[in-house]
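A, B, C and D are the chain letters, set down in written order, and residue numbers restart from 1 in every chain.
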Amino acid sequence: MKVSIIGATGYSGMELIRYLHNHSFVEIVSIHSQTETQEIDQVYPYLKHLLSLPLEPIDAEKIMERSELVFLALPSGISKEVAVPFVKNSFPVIDLSGDFRLQEEGLYEKWYDKDASHFPLIQGFDYGLAEYREDLSRPFIANPGCYATAAELSFAPLLQNQLLDKQSIIIDGKSGLSGAGKGLSQASHFTEANDNMSVYKMNTHQHIPEIIQQFRRWEPDLDSIQFTTSLIPVTRGIFMTAYGRLNDDRSIEQLIDLYRTTFDGKPFIRIQENGCYPTLKQIVGTNFCDIGIGLNEETNIVTLVTVIDNLGKGAAGQAIQNLNLFAGFPETEGLLQIPIYP
Amino acid sequence: MKVSIIGATGYSGMELIRYLHNHSFVEIVSIHSQTETQEIDQVYPYLKHLLSLPLEPIDAEKIMERSELVFLALPSGISKEVAVPFVKNSFPVIDLSGDFRLQEEGLYEKWYDKDASHFPLIQGFDYGLAEYREDLSRPFIANPGCYATAAELSFAPLLQNQLLDKQSIIIDGKSGLSGAGKGLSQASHFTEANDNMSVYKMNTHQHIPEIIQQFRRWEPDLDSIQFTTSLIPVTRGIFMTAYGRLNDDRSIEQLIDLYRTTFDGKPFIRIQENGCYPTLKQIVGTNFCDIGIGLNEETNIVTLVTVIDNLGKGAAGQAIQNLNLFAGFPETEGLLQIPIYP
Amino acid sequence: MKVSIIGATGYSGMELIRYLHNHSFVEIVSIHSQTETQEIDQVYPYLKHLLSLPLEPIDAEKIMERSELVFLALPSGISKEVAVPFVKNSFPVIDLSGDFRLQEEGLYEKWYDKDASHFPLIQGFDYGLAEYREDLSRPFIANPGCYATAAELSFAPLLQNQLLDKQSIIIDGKSGLSGAGKGLSQASHFTEANDNMSVYKMNTHQHIPEIIQQFRRWEPDLDSIQFTTSLIPVTRGIFMTAYGRLNDDRSIEQLIDLYRTTFDGKPFIRIQENGCYPTLKQIVGTNFCDIGIGLNEETNIVTLVTVIDNLGKGAAGQAIQNLNLFAGFPETEGLLQIPIYP
Amino acid sequence: MKVSIIGATGYSGMELIRYLHNHSFVEIVSIHSQTETQEIDQVYPYLKHLLSLPLEPIDAEKIMERSELVFLALPSGISKEVAVPFVKNSFPVIDLSGDFRLQEEGLYEKWYDKDASHFPLIQGFDYGLAEYREDLSRPFIANPGCYATAAELSFAPLLQNQLLDKQSIIIDGKSGLSGAGKGLSQASHFTEANDNMSVYKMNTHQHIPEIIQQFRRWEPDLDSIQFTTSLIPVTRGIFMTAYGRLNDDRSIEQLIDLYRTTFDGKPFIRIQENGCYPTLKQIVGTNFCDIGIGLNEETNIVTLVTVIDNLGKGAAGQAIQNLNLFAGFPETEGLLQIPIYP
């Protein structure tokens, strides 16, 4: 299968290239950038002797001639423009931005503070939470956000089974600095970020409506969540602790069983043993989502400790998982490299 | 005033020395170690040309002869032995360990998994949450734990005024590696801790009963809290996000007012502006406790973002604040150095 | 080809497993540890769903029955014992320790401060600097040290062509903390290593005689070098700046040409463009050795900036490169994964 | 003594404020910024409850009325303009930029690639290497660069005594990211700098002529040095390894004696014991310059390991030391705080 990547020089684009380099059934036929026109290994010298491909301007016509699917690894607000000719021609698109995720009119404008794409276009997209997709044949996939992926997979078993007090969900997310992308900012200046931790976008993060939208598919009465996002001084990874109150008594063993059963056959979800919690590093560089479960039996509060790589399961990894599901490849193809440790 | 420090070579002991070096009314007459017998600047070459004092063995008699107060900066389990002769002689003690904090029989054994000190001895100690001490003249002070200090100051205004749903408190604490002390461990090995984050002692941390004990002084019906502790790859500091549900409607402005009023005249508590949250680095090296307050008006959940230096307000800084209160010195004496930035 | 790994749970052992997981012609039939007996993915949870193999005790007989080659990823001093039965049976060994590198009697004892292996045994080993091996069929390979690899590849073109003042070589090496292995120490305690840099083993590092031994193969009159080793707060990688004085005038263009010519056809050596120097991160997770060359035309001093991954080209990567050369596989097999970035 | 600080919000300006806060004989009467007009504790919330001063525009007349000396903590190229009215009025100036350091016409233009100040103005400035100043009464002081300070103090005893081969000096400097200031750049983006190390300005760093200028005061025949600058992932500090060849035999003990004698009575120079080398952290936050000395007796090459805080002895600390010398205060006044550790 021949694919193209638009936005190849961003962190998610580079991660798509990294995973696809190991994919047996996919060939990257072209990579595209809005700004760069060199060979990719001149922009990124670490690729020398590994991969050389020219960065090309974005020309939808040419891409559709040569390729069978396009990844859009672009910032929110830009994807919605670039996607149009592909969608109009029914050409398969996996979009990594937030532009096509919110399936209720007006939500995008409110949370992203930008004009939305034409709403019927948005409706054509399938929300690509890979473990929960229904119609794998749909050619337009809105790949989920990083925090959203972690939050949704964390709570899925509880919400699908109506086990939670609907008012009780609190999500405390921490992200490495690559989550903020390549753009320079005061918060990502080394002297500011090193040895520091800070909260940002308290209760205003654009992944909140995306999470609630998915939660409501499982628990339609759910209205709101408490969602905190913060920066930790690591390059990659999301470390999420999340809380919810059970609406009746259950043992920790029953809970872990429920999670194992729910994710049985899902190769990228790894439920930790009772008493064990994942560390951030154990998933960096991978498409895994590792979930540890705790229960405070005095309060009936469940604590979920969930880790994903924001550029893996939180972006490029899940995008390739979605490609595999769409194209009928094995779900794990290209995604089972052993990561670098330590 | 002449003071001695036992356990001077640990991180808290060194921090006592650092602050007292700037104190106008206190002289360190002796420092003591269980293991070292050199000059302090041979153990710590960074002190050369700044401070030279011999490390002496622990001899309570001699200390009581030369000194007027002793700091115990020792691990829990050891303090309780070393403290005995001082207490028996009514010699003032400020203890930085957990050995004299829990004022209910049996609690220490349960949470510390060690034999407790003789209970009447424990009862002689005053819990030294500096902003909430009642009888400043008591000569035996149990200096609070680092997480406990942050948690108690965070919730004090809400609990004192019975504003919270008593079941709703969730505390998500993150600590730098110095919180684990100088002892080597796998979790504090650089290659493991760098670029990593991990949860430890989920719902079993020994500061839990200490927090609940203090919370009950304000809200006697409170039974339990949810308390998560984790390690972030920084050397110093506690970054705490904490959650609770208001039991009636209140605006964010009212909340911030409440916090400002509560801590009016408290020099080390800095309430952030509406919409602002503290960063970890802004308190490293200081005795400040900075609190940012958020309110999710849809859910009535308050989010508290609180930062302290685990070795400052969380240990040595507060110990000196307690000394100042006990001795009648200005509360801030020795504690208002400008910290290093960036 | 079937291989076994002894010392699989150390950092180099784990890195062998990582690379071989991607190798088309090699199967790991067994992994062995002196201390662990679990499945490897129980020791290292990050391997769950990726690799499960039992850790077995070290039994040379059984290994020789099932396998065709053994990697020894053991500390210096232990390898020399474990290697004996394999060598005696002419069973192929690639040893990653320092035990079989020094081909002059007495050197090992002096620099490692331990008893050496039986000297004829040492003589049976070929020094495995992959780009400079002569007889690829030799079955006993002493894989070079990490600093040594970087130093030797840096100076090879200059020394092979007798271009340097023999007294002028100064090597200033910096290593990430993984170079010190999994063993706990004060220097690798996070609170000590973070935000710090320190020198260790000044002019006494055990790689010095190994470097001189190889340098003398190119420049027999060379007697000594200046060699500084230091720790930088990164997990992986060696960053080496090295200096030597040219013995006659040459332009920077000529020098770069010389390096390009020398390493023509060597897939893992990447000579940087004029004016460009490699960054450490560009080789982390790879088997590359990237070299940047500067020339101070006023002093005729050449500056070489060389980076390798201490666990890649400095250990496991080069070991697999040596396996490929020995077995007649393509030199790059298993070694051309795109690394994680950023 | 009343002083003003221009450029107060930069890293060096903030460090001046930090040190002067502890100075018994100096009062900061005004602080000035080109861009900010708030209170300093609104720009830097970490200063709340510690220091509140309004940031004022730069008005030389008003400063000269209220103040007795001005610090210029401005970027090179801007200082030279701002300094003019003060110099013209013989008002004391301590300038932390590079604008007034190079006392040979044409050098500044070449190395800074900018127009120089009027040369007679430059000649009015005294180079402020505090341990080597001759006429302390001169009112215009060009405070040395950070790398320059470390390099000059490292080699002073050897050059003053003509002990070195003049062609042999190699300086390998590493700097923390604060050396690059508050300005955002790709190299100081957290995701790039973290876990990385890189070389910059190889043999073109603007401190080179400054170093040579000072070296020639001790050793007039010296022509050139080899000077490498690199970035290490720490916030603060310069770690320098430097090399030179002795021109006759000397023991390490003799060398250490020479250093101790040379710096006898210099409170901020700490010569390490034989076999000991300083770590970076031991000087962070201080005005110390710690020097460790090694000798390779085979090659007669001396290795100097020197650490300073780039914002302390490398900028603001030395500026205050120069103020103390100029004003006749004790040399160490305000500079002997115990730094934060760990």
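Quick notes on this one:
Assume a contact is a pair of C-beta atoms (placed from the backbone, for glycine too) under 8 Å apart; a residue touches a chain by one contact, two chains touch by 3 or more.
Small disclaimer: the values here were computed from a predicted structure and weren't measured.
With chains reduced to the mean position of their C-alpha atoms, the one farthest from chain D is A. With centres set at the average Cα position, the gap from chain A to chain B is 39 Å. Averaged Cα coordinates give chain A a centre that lies 37 Å from the centre of chain C.
If each chain is reduced to the centroid of its CA atoms, chain B and chain C end up 47 Å from each other.
The multi-chain contact residues of chain C, meaning those touching 2 or more other chains, are 11, 178, 191, 194-195, 233-236, 281, 284, 342. Taken as a contact graph, with one node per protein chain and an edge wherever two chains touch, the assembly is complete, since every chain touches every other chain. Residues of chain D touching chain B in their complex: 11, 14, 17-18, 21-22, 44-51, 178, 194-195, 235-236, 267-268, 270, 272, 276, 278, 281-286, 288, 290, 336-342. Against chain D, the residues of chain A that register as touching in their complex are 11, 177-178, 182, 184-186, 188-191, 193-195, 233-235.
By the touch criterion given at the top, residues 167, 170, 172, 174, 176, 191-192, 195-199, 202-203, 223-226, 228, 230, 232-237, 239, 241, 243, 245, 277, 279-281, 284, 292, 294, 296, 298-299, 301, 303, 305, 342 of chain D touch chain C in their complex.
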